[in-house]
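In what follows, chain A forms one complex with chain B and a second complex with chain C.
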Partner chain A sequence: MKVLVKDKINTALNRLAENSQVYVPVHREGGSRFAPWPTVPGDELALDSLNTMFSPKEVVLPQTEKMYTFAARGQSVEIKETGEERKERVVFGVRACDSKAIAALDEVFLTRGYEDGFYKARREPLIIIGKACTQPGPNCFCSAMGVDPLEPDPVDVIIYDLGDAYGWEPRSERGQKLTQSLGDILADRDFQKPSAGEFQLQVDINGLPEKLAGMFEHPLWEELAEPCMNCGICTYLCPSCYCFDIQVKNRGTEGYRFRCWDSCMYPEYTMMAGGHNPRGSKHERFRNRFLHKLEFFQERYGTSLCTGCGRCIVACPQGINIVSIIKRLQEVELDVR
Partner chain B sequence: MSGNCNCENPLVPSIVKVVDIVDETPDVKTFYVTTDNGIPFPVMPGQLAMVSLLPAGEGMFSVSWQAEDHLEFAIRRVGVLTDALHDINIGQEIGVRGPYGNGFPVAACEGKNMLFIAGGIGLAPLRSFIKYCFQHRDKYSNIQILYGARSQADLCFKRELFEEWPEQKDTEVYTTIDRAEEGWDGKVAFVPTYLEEINPSPDNTIAVVCGPPIMIKMVLQSLEKMGFNDEQVITTLEMRMKCGIGKCGRCNIGSEYICLDGPVFNLAQLRQLPPEW
Partner chain C sequence: MKELTDRVRQTARKLLDGQQVDLVLGWEKGPEPFRSQPVFIREPEEAEQLVFDEFCIHNLSTFLLDYRDGQEKIGIFVKGCDSRGVVRLIEDNQFLRERLYIIGIGCPGMKDPLAAARAASGLNGTEENEGLAAKCRECMYPNPVLYDELIGDEQPPHLEGERFAQVKKLEGMSAEERWQFFSDMFSRCIRCYACRNVCVACNCRRCIFDETRPQWVGRETNLMDNIGYHVIRAMHVAGRCVECGECERVCPVGIPLMLLNRKLIKDVNELFGPYEASLKLEEEASPPLSVYRPDDPDNFL
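Our next item is the complex of A and B:
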């Protein structure tokens, strides 16, 4: 068995960065996020704290991403794609909730008729080094959402915190190769996998998608949405929210088209020419977010779009808590049809 | 084709040239587009494409006719992109990507009487199916077309409406405008009212409906009254769209994406969806 002694983390990351673009969790500007290694001065590795404030979805779905440039001359137009150069990429320290979210993004961007070329260019060469969670935080409820905190998936290597070292376990062929490339930086040592701690936050989602299918017009939605300001922070920080907008930037006749994160919490998201908006009111947008997470995605892709990371609970300025919302929804008694 | 489209990436348009522009109404123009190598991609009736005038923007439009050597888009002027499109001239290169959406069930409708009901720019998507029926005339039984617009000037595709389509075998074309005006001796009525007057038989008939939301709603009620069941009524939905390929999220109704699973649904399918349409 292999371990990565904690003193050698920088050495290991440097070695990986020789051939790959490496991303690590860092504390930055009062928050935390995944950032390229080597990090900038002031950044501090954030391996020991729980979830980063921004999720690692940035690694596969950046907040803004140029898609192509264009130049118009007279009546002619030329288009040039500006996609990422394909290069091996490694993301270090992804937790189970966040890798489950990447699995959901894979479903969206790589299946159902179309492969999204921009996503694929970032995702395919990506090696995920997952980090087993042994001590869930006060807002973590991944286990309730069917995620095993000790078993991030998809993943190429899993690391386990052993105190002075990380237990290192390759989980895929690519993970094996990466392990070999680290050679003598890893040490041989037997270790016992730690077990997961107790979850403070629990909720029962049994039968929830089926129940929600009959609750679209339930008056509870208006009450639940009441405090929401439609600020959209929950959607930006969520590891599995993926909605995007496509916009254009140009100077004169040259410019580029890019995509950027969008949020179903904003009225413009669905506003149509002429002013008609199918989700024109706050509670309709709020309802769409929760139903997408808990019902629609399940119906379409066979899995929940909430992985229980707890970020939205921490970040919501209005104290809206998805676990309490699920509990309220579960308490509703519906007439048996 | 000039630009270098990368057709591996569905979000990147390919370049086509506008080879003709027809003024349909004061605010609708039809754009004919093609490439030196023919149409940019094959399209079935009722399918969609993203059309972009590169510096201005990108928008989803029904392909109004898929000819052998070009595609037609009938585009109403309503905002930034469509304003800019209305100002271009023949010869302009624009971007298109597609084809998107499921399209009309042309095969399942074979052998049926076809009843097309449209209002305003809503004739644009139906026209692709109407012309397809005429192109494959023997596969479809009687054809009835009911079309209404606010005024004479607002009627799209006038030459086809008044000259070509009425000449087709076993075909009736009913045209109406909302308010009486000089120089119009045709019908004056709203589409749903006229529909009830015509009172088409539901026997072996498929009704295909597209128009402003209020017209669709009333026409659906009328059809139900006349005995059409939910499987016999087809409509096409509109939601705001950005990607066209079921990724960007915004065009969902429940777990369906209108750009991918739609835009064409029969009423039975629509009734399975949450009432957001």
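Our next item is the complex of A and C:
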């Protein structure tokens, strides 16, 4: 068995950064997040904090991403792709909730007959070093959402916090190769895998997707949505929310197309060209977020789109709490007809 | 505060029982001790849900916008800052005074549940849990300026030191330093527009940032588009901002929006003042930037 002694983390990260773009969790003013290694001034490696405030989805789905540039040349138009080069990339220290979210993004962007080239270009060369989570935080409920905090998946390597070192366990062929490349930095040592701590937050999602299928018109949505201000913070912080818009910027005869995160919480999101908005009210937008997370995604992909990371619970300015909402939904008695 | 909670419940129950109002806006307790959150009640029995404690920081006046097209009569609990929000809405012709029953509460200063949640979350390492919220430490008007009924005691202003100290520091910077400062500040904005959505002065039905034909401000999260957003937002609330501090409180990346707001408060004061937005409800009153006077100063043009 291999371990990475904590004193050697910088050495290991530096080695990885020789051939790859490496992302690590950092503390930064304005919120912890995944950022490139070596860190820039102001960023501080944050391997000991519970998780990051901003999710690692930025590594595969940046908030703004240029797609192509165009320029008018007389009668013709010149188009240039601006996709990034397919360099190897490593993201270090991803928790189970967030890797489950990446699994969900993979489903969306890579399966069912259409592959999103921009996503693929970032995702395919990505090596994920997962971190087994042993101390669930006060807002974590991943286990309730079917995630095993000790088994991040998909991952190429899992690390276990052993105190003075990280237990290092390759989980894929790429993970094996990466382990070999760190051969002189990793040490041989037997270790016992730590066990998972207690979850303070529990919720039962049994039968929920089926139940929600009959609750689209339920009056409860209006009540639940009343304190929401449709700000979308919950969706921007969520590791598995993947909605984006495609927009364009023109300057004279040149310009570029880009995509940027969007959110079903915004009125503009569903605004149609003719001015009609099929999700015109706050509670309809609010309902969509929860139904997408808990019902629609389940129906299409057989898994929940909420992975229980708890970020939205922490960050919602109006105290909207997905666990409390699931509990309210589960309490509803539906007429069986 | 226990007595205040009792008074709040009694008042809400009385209003709903007597059908004086259809709906009451107040606060309830969430799952954690530091969570107080907005609640909307319609039945007298639900009055028991209400609380008033040191975490009732949310400015409920903005929620009135959700009901502006309705007919219902609304009871609303307001602290000092919230009451100025209500004046804001009435002055901006967004709400009729007659539809409101306003219960004022002198505010002893609040703590921020959001800051407490972040500190407890473990997501940001060891974050300081700040005690009295930043917006409350700067508060000059903790007592409601408009109400039908007042509960609790009058409170002294919480501001210690000088109101514009930070603004003056900013004014004292060289142009380069200021550019650097604002670049650092705005480049981290994620453009969620929570600062707009929570703002009672941002009460336009059609916001410039939601316009798509034409689109006035680009949707990329980069410095230029972010600055476009921030300059317009700040200018659109200039002279109308009630200094409730909600924009800065809800910002998920901790952008010090009140600094810019206060700079504009100071400028409006110096150019058109003395002026303090929404301190009392006056017939036909309009904020300085909403009226034209031939003797308006124009030396900045």
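Convention: the second predicted complex is superposed on the first by the 335 of 337 C-alpha atoms of A that agree within 3 Å, B and C clash if a C-alpha of one lies under 4 Å from a C-alpha of the other, contacts with A are read in each partner's own complex, and residues count from 1 in each chain.
The rule is simple: a residue touches a chain if its C-beta (ideal position, glycine included) is under 8 Å from a C-beta of that chain, and two chains touch if they have at least 3 such contacts.
Here the structure is a predicted model, which means the values were calculated and not measured.
Annotation for the three-chain superposition on chain A: chain B and chain C fit side by side. Of the two partner chains placed around the shared chain by superposition, neither chain B nor chain C is touched by A:57.
After overlaying the two complexes on the shared chain, residue contacts for A:217 are found with chain B alone; chain C is out of touch. Looking at the shared chain after the overlay, A:116 reaches chain B, while chain C stays out of its contact range. In the superposition on chain A, no contact is made by A:131 with either chain B or chain C. The vertex angle at chain A, taken between the C-alpha centres of chain B and chain C once both structures are aligned on chain A, is 90 degrees to the nearest 10.
In the superposition on chain A, A:245 makes contact with both chain B and chain C. In the superposition on chain A, contact is made by A:27 with chain C only, not with chain B.
Look at A:76: by the touch rule set out above, it reaches chain B but stays clear of chain C.
Of the two partner chains placed around the shared chain by superposition, chain B and chain C are both touched by A:271. Note on the superposed arrangement: chain B and chain C approach each other to a least C-alpha distance of 6 Å. Where the contact sets of chain A with chain B and with chain C meet, they give residues 245, 271.
Remark: chain A residues 27, 29-32, 46, 48-53, 63-64, 137-139, 223, 226-227, 229-233, 236-237, 245, 247, 249, 258, 260, 263, 266-268, 271, 282, 310-311, 313-315, 317-321, 323-324 touch chain C in the complex. Taken in their complex, chain B has these residues touching chain A: 2-6, 8-13, 15, 52, 54-58, 78-79, 82, 89, 91-95, 213, 238-240, 242-243, 245-250, 252-255, 260, 274-277. Across the complex, chain C meets chain A through its residues 30-32, 35-40, 58, 62-63, 66, 113-114, 117-118, 120-125, 188, 190, 192-194, 197-198, 210, 212, 215, 218-222, 249-250, 252-255. The touching residues of chain A, counted against chain B in their complex, run 67-68, 70, 72, 75-81, 83, 108-109, 112-118, 216-217, 242-246, 248, 250, 252-253, 255, 257, 259, 262, 264, 269-274, 276, 278-279, 284, 288, 291-292, 295-297, 299-300.
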